[in-house]
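So, here come the structures, one by one.
Next come two complexes, and both contain subunit A; in the first it sits with subunit B, in the second with subunit C.
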Partner chain A sequence: MPKVTVDGQEIEVPNGATVLQACELAGKEIPRFCYHERLSIAGNCRMCLVEVKPGPPKPQASCALPATDGQEIRTDTDMVKTAREGVMEFLLINHPLDCPICDQGGECDLQDQSMMYGRGATRYEENKRAVTEKYMGPLIKTIMTRCIHCTRCVRFSEEIAGVDEIGAIYRGEDMQITTYLEQAASHELSANVIDLCPVGALTSRPYAFEARPWELKKTWSIDVSDAVGANIRLDSRGREVMRALPRINDAVNEEWLSDKGRYQVDGLSRRRLDKVYIRKDGKLVPAEWNEAFAAIAAANPKGSIAAVAGDLVDCETMFAAKALLGALGSDHLEGRQTGLDYDCSNLAAVNFNSTFEGIENADAILIVGSQVRWEAALVNVRLRKAAKRGAKIFVVGPQWDTTYPATFLGEDAAVLHDLPQAITEAFSKAERPAVIVGGGGLAKGALHPALAFAEQFNLVREGWNGFNVLHMAASRMGGLMLGYAQKGGIGNIAKAKPNVLISLGADELDYGAFADSLKVYIGHHGDAGAHAADIILPGASYAEKDGTYVNTEGRVQFAEKAVFAPGDAREDWTILRAMADALDVSVGFDSFAELQSAMIAAVPALGEEGLADFGQLPNADASIRASGAISYPIADFYMTNVVARASATMQRCSSELLHHDDLKEAAE
Partner chain B sequence: MSFLGKIFTWWNGATIGTSLFTMRRGEKVGTDAQGNTYYRSRNKRDMTTAGSYIGAERRWVIYEGANDASRVPPEWHGWLHGSFDDVPESYLPPAKIWETEYVPNATGTADAYRPQGALERGGKRVKAVGDYEAWTPE
Partner chain C sequence: MADRSLAPDTPELRERWGGFAFTEANKAHADKVIARYPDGRQKSAVMPLLDLAQRQVGAETDTQGWLPLPVIEYVAAYLDVPVIRVLEVATFYFMYNLRPVGKYHVQVCGTTPCMLRGSDAIMEACKARGMKKGAVSEDGLWTLTEVECMGSCATAPMVQINDGNYEDLTPERLDAVLDALAAGKDPKEGTQEPGRHTSEPSGGPTTLKEMVSENHDYRSQW
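Presenting the complex of A and B:
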């Protein structure tokens, strides 16, 4: 551990630290543009200059200089300040003065740092360099004249996303950042370069000229577009969520966010359910709340009521529905809409036990039926990290475009019973082997064979649990913890023929199986569920209610309410509470706080933010055999939930990036 | 204006002091469309505008009615502030037919602008629409 002196203060820094990191440890702020904690070091902006002794008598770029024992670093001398001012002046030679019309204004690194190091006036009379516009797809807007060549975006797509999409052409002052052949950047993390860009060269296309950062209300929330539970910040103005940005959480999303989580928010103001509807003579007509509740009471729900949770609901809503059903004497709860019926008797067997942070350290990974890139784009980032550290990755299932070297073992799930030699070799040698079972694998009965695999190769060992199930719905783990899982799955509920079916935003459900039930849809978007429903009660989306979410690794997280629900829509639990009154039963809570404490009393793990403990893995049932060709459940990455399907941005992404439709504008 | 009103109010036209001063030292220059009368000092040398370095003559207005500076129309405003020395009628070009009548600032009066939905305009607001798109079954 080298000891260095920063501005007279002696500190010890970890081995391999750079001078910049040493200065950060000493509490000194070093200005930078190209350096980023999660990317490789480029050292090309020269903003982080410091004075270092021993060494040549000139300022040194601290981000690329290793800290060594006995270094004397100064960050506060005149030389350092003058040098940084010089660098800033060079950067500003070609940077346009368009802050007033730039979307980065107010959150721009260059703007902020020029407050400290910028000269008051310009010394240049020559024309500024102009760069032709580049097209980077429906999400990224480019104004490349503003680019300062930090190459963060290039490094991100190469290193983190694993897709060689963005690069630089020409040299020196004439360098230009572009996508190859100006194709749209099409991987599912592409929009993160917008956050990385320290200036306004890459900005958000859907958010262009919509709002200024200082006029937005920032709310901490949780992303529900997949089961990763990425930490996000919802920026809202008035009733409208303007944008979603990732929050830093090293355990979950680091500081990235999938494009779907980021850009589905414009779907929150389209196709909204804002009135009560009742089906009369085969047609849905607007109605009053009391009418709707009376109709439900008339259907005789006592003892014959079922609840199906959708993919986006929070734990509180599910618990409120569970309490209502309990009061009515029923336990027909289910969350796995598509008909999966894997064994949920032990939640450790359906959890991502390695954790996202842990899976980075795995050295042999078997993926069974999961297209990780689409089902959990941020987990794919972790897998890529693992692969870069030398992990061998095998996939059972149809080919998909991995961002790391992987061996595909065919589509048939039965391969789990007849392992190829490559796997047995890799896994018997591996120190931290892991298996990931995805939705496609669960559908083919791969859960118990995977457990058997875990036993065979000793996946659970001291300090390591390599058994993982990767879900796709934000509500799944919370639902399983609350008992939203029947033996026999949704089919069992359909067989029970309940009088009333409460659908908590379930849009993937086959409503044909419930033809005789009164279908009550409590949700926020008009989609398949609303069209099939007999009664629609308008609820709140994830941005419009407080709620607890559990991600696929069993991490309990709390999301806050950003905006109010539109029209007559109410927070879901209040609808269920009012319904309890109308049905003349008691659910035992009158406020959100009471609901939460009742929920925490029932499932204590939901009361504590962080990883829930599910205990030991169960023993594998060798009689269950996996068989059949695996198919992936997601057909279109941008269209997986109601919010995304309502979002114009996601529709455009889907048609342009996945279906390669020519845009109308381009054709004209 | 009654004699007593002249003594006890200062918000309509000139006070007695100003009237006496104007009678003694002032020279009438003209009257605008609203009846405000404009004066300048009769003796240029000893009556410069306070704070003027160039010895500009003093000019003032006696309002016909409320003492409200915004009642000075733009053409006389120019003369009053020394932009030009001639009276507006001879100095400025004739008014164009599309020029509207000058209206003093209405703030604080009954004629003041009230936005839609203000209580003074009945308090009825237009319905907020269009911040979200509602779903309909069709």
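Presenting the complex of A and C:
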């Protein structure tokens, strides 16, 4: 633990810390462009200069200088200030003065730091360098003349995303950041380089010229595009969500966000359900709330009603529906729309127990039926970190393009009962072995064989739980905690032939199985669910209501309401509350606060933000055998939920990046 | 730095070079180079391999050689490295030609010592023979490039033609070298100053004079 002095203040810093980190620990702000906590050190912007003794009598780049015992660091001398001003002047030589038309304006590192270190006017009289725009795909807009060559984007795609596609070609003044032959950046995390770019060289293409950061209302929310529960900030103006940005949460998403979570928000203002509809003579026609409720009451729901939760709903909505069903004497609740019927009697067995932070430390990982890049892009980042630390990774399932070395063991799930030697060897030696069962594995009955695997290799040990299930729906863990799981799954509910089926935004459901039921769709987008419904009650999306979400590691998180739902749409719980009145039953709450406290009383874990405790893993049932070729449930990363399907940006990503359709540019 | 840019990615380029592969001899050499690096570090061989590929292209086209995009992709695939990483290297170093060059690639040094010793006249002499910067001459023999310091300042001015340096030039001496090359002869490399061997002081040694003919012990004079 070296002791250093920063501006006369003596502090102790961790071993291996850099001078920049030492200064941060001492509370000194060091300007920087190329240095980033989560990327390797490049040391090429030279903005972080400080004076260090002992050492050469010149300013030193603090980001690349190790802190050693007895160093005297000064960040406040004239020399430091002059040196930084010099660096800033050089950076600005070729930087265009186009802040008024630059989308980064207002949240630009260069702009901010030039307030501190910039000269009032330029002394440079020669021509500025100009660089042609580089095409980087439908999400990233480039204005490369603004680039200051910090190489953060290059390091991100190489180190974090694991997809080498951005590079710096040519040299010196001619250096240019580009993808190979200007191909589109096409991995699931590509848009994070927009956040990383300290200037306006890489900006958001869908959000180009839409708003200024200071005009936006910022609301803390949770991403529902997958079961990771990435912490996001929704920036809204008026009634519209303009963009989603990641918030820093080291336990969940670090500071990254998948492209889908980031760019599906434009789907929130398209294809919205904003009126009540009732199907009359086979056609959906606009109607009044009272008519709809009367029609539901007429269908005689008492004792014969079921609720299916969609992938995007919050716990409060699910609890309100559960309370309504309870009052009507039914417990036909299900959330696994596609027909999965794995055993949910013990939630520890369907939880990501290692936690995302923990899985980084695993040294042997078996993935059973999960295309992690598409099902949970941010978990794949963690797996890549584990692989970089030396973890051996095995995958059961069809081949996919991993961003780390992995061994594929074939598509048949039965391999769990006949493990290859490579696995037994790796897992018997491993200190922190882990198994991850994905949706594709659950569908082939791999849950209990995986539990048996966990017992065989002692995956649960002191300070380590290596048994994980990776879900894909934001509502899944919350739904399971609230009892949205029938023995026998959705098929069981279909067999019961309920008079009324309440669909809470369930769009993946096969409505053909409920031909005789009155199908009431409470949701926000006109998609498969609304097409099949007999009654549509317009609800609120995740941006339009407060709500609790539980991610796949059992982390309870709370999202806030950013904007109001459009038209006649209401927050889902109020619809269910009004329906209770129409059906003449009592659900026991009249406000959101009462609903929440009733929910927390029923499931106390939902009242506490953070990891829920599901206790011990159950014993494996050896009689259950996994078999059959695994297939992955996601066919198109950009089209997995109703919001994404409605989003023009996601549609463009899907057609251009996955289906390689020709670019559709509007004629100008 | 002179203007450098990649040759455009056209169907003709793909057709001409798409099938590029190392010859047997070059493949053997490439594998020998790769074997110099420890396991898992094979990508360190990217620079020798790019050079080898450029030379093979040169041999096929009877020029100094260059690196068309399909050849860069071939080297990337050969080393199992993302192609953008190889492209970064190929565009960074000036010795890799990104566009076709002539049989002789005349690189005139124009940095300060050469300029003071008359590199402008050398450049003019090249231009007088019909060479143009960055372009292949009509007879396909010459490509002229102005480069930065080649480290031959003691024998300035100099030009580098393919793998040889020609130093202590005057326009007349350069013409003699170029004439010889054009005639298919092999002119003497290195200094063109009569009586000078390498980069020793022009006009004979000024220090350590006793050392010229035999070893001399100076220690008694310290």
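The rule is simple: the second predicted complex is superposed on the first by the 664 of 668 C-alpha atoms of A that agree within 3 Å, B and C clash if a C-alpha of one lies under 4 Å from a C-alpha of the other, contacts with A are read in each partner's own complex, and residues count from 1 in each chain.
Going forward, contacts are C-beta pairs under 8 Å (C-beta built on N, C-alpha and C of every residue); 3 or more make two chains touch, one makes a residue touch a chain.
Since we're looking at a predicted model, the values are computed, not measured.
Novice: Who does A:168 touch here: subunit B (first), subunit C (second), both, or neither?
Specialist: After superposing on A, A:168 lies in contact with subunit C but is clear of subunit B.
Novice: State whether subunit B or subunit C is in contact with more residues of subunit A in the superposed arrangement.
Specialist: B
Novice: Counting only touches as set out at the top, which of subunit B and subunit C does A:272 meet: first, second, both, neither?
Specialist: So A:272 only meets subunit B here.
Novice: After superposition on the shared chain, which partner residues are touched by A:181: those of subunit B (first), subunit C (second), both, or neither?
Specialist: second
Novice: Considering only touches as defined above, state whether A:54 meets subunit B (first), subunit C (second), both or neither.
Specialist: Touch partners of A:54: none, neither subunit B nor subunit C.
Novice: After lining up the shared chain so the two structures overlap, which partner does A:566 touch, if you call subunit B first and subunit C second: first, second, both or neither?
Specialist: It touches subunit B, and subunit C stays clear.
Novice: Give one of first, second, both or neither to describe whether A:463 is in contact with subunit B, with subunit C, with both, or with none.
Specialist: neither
Novice: Contacts for A:615 in the overlay, against subunit B (first) and subunit C (second): which applies, first, second, both or neither?
Specialist: After superposition on chain A, A:615 lies in contact with neither partner.
Novice: For subunit A, what residues appear in both contact lists, the one with subunit B and the one with subunit C?
Specialist: After superposing on chain A, no subunit A residue contacts both subunit B and subunit C.
Novice: Given the complex with subunit A, which residues does subunit C contribute to the contact?
Specialist: Touching subunit A: residues 1, 4, 6, 9, 69, 82-85, 87-88, 91-92 of subunit C.
Novice: For subunit B, which residues count as touching subunit A in their complex?
Specialist: Residue positions touching the partner: 131-137.
Novice: In the complex of these two chains, what residues of subunit A are touching subunit B?
Specialist: Touching subunit B: residues 238-240, 268-275, 277, 283-284, 525-526, 530-531, 566-567 of subunit A.
Novice: Along subunit A, where are the residues that touch subunit C in the complex?
Specialist: 164-174, 179-181
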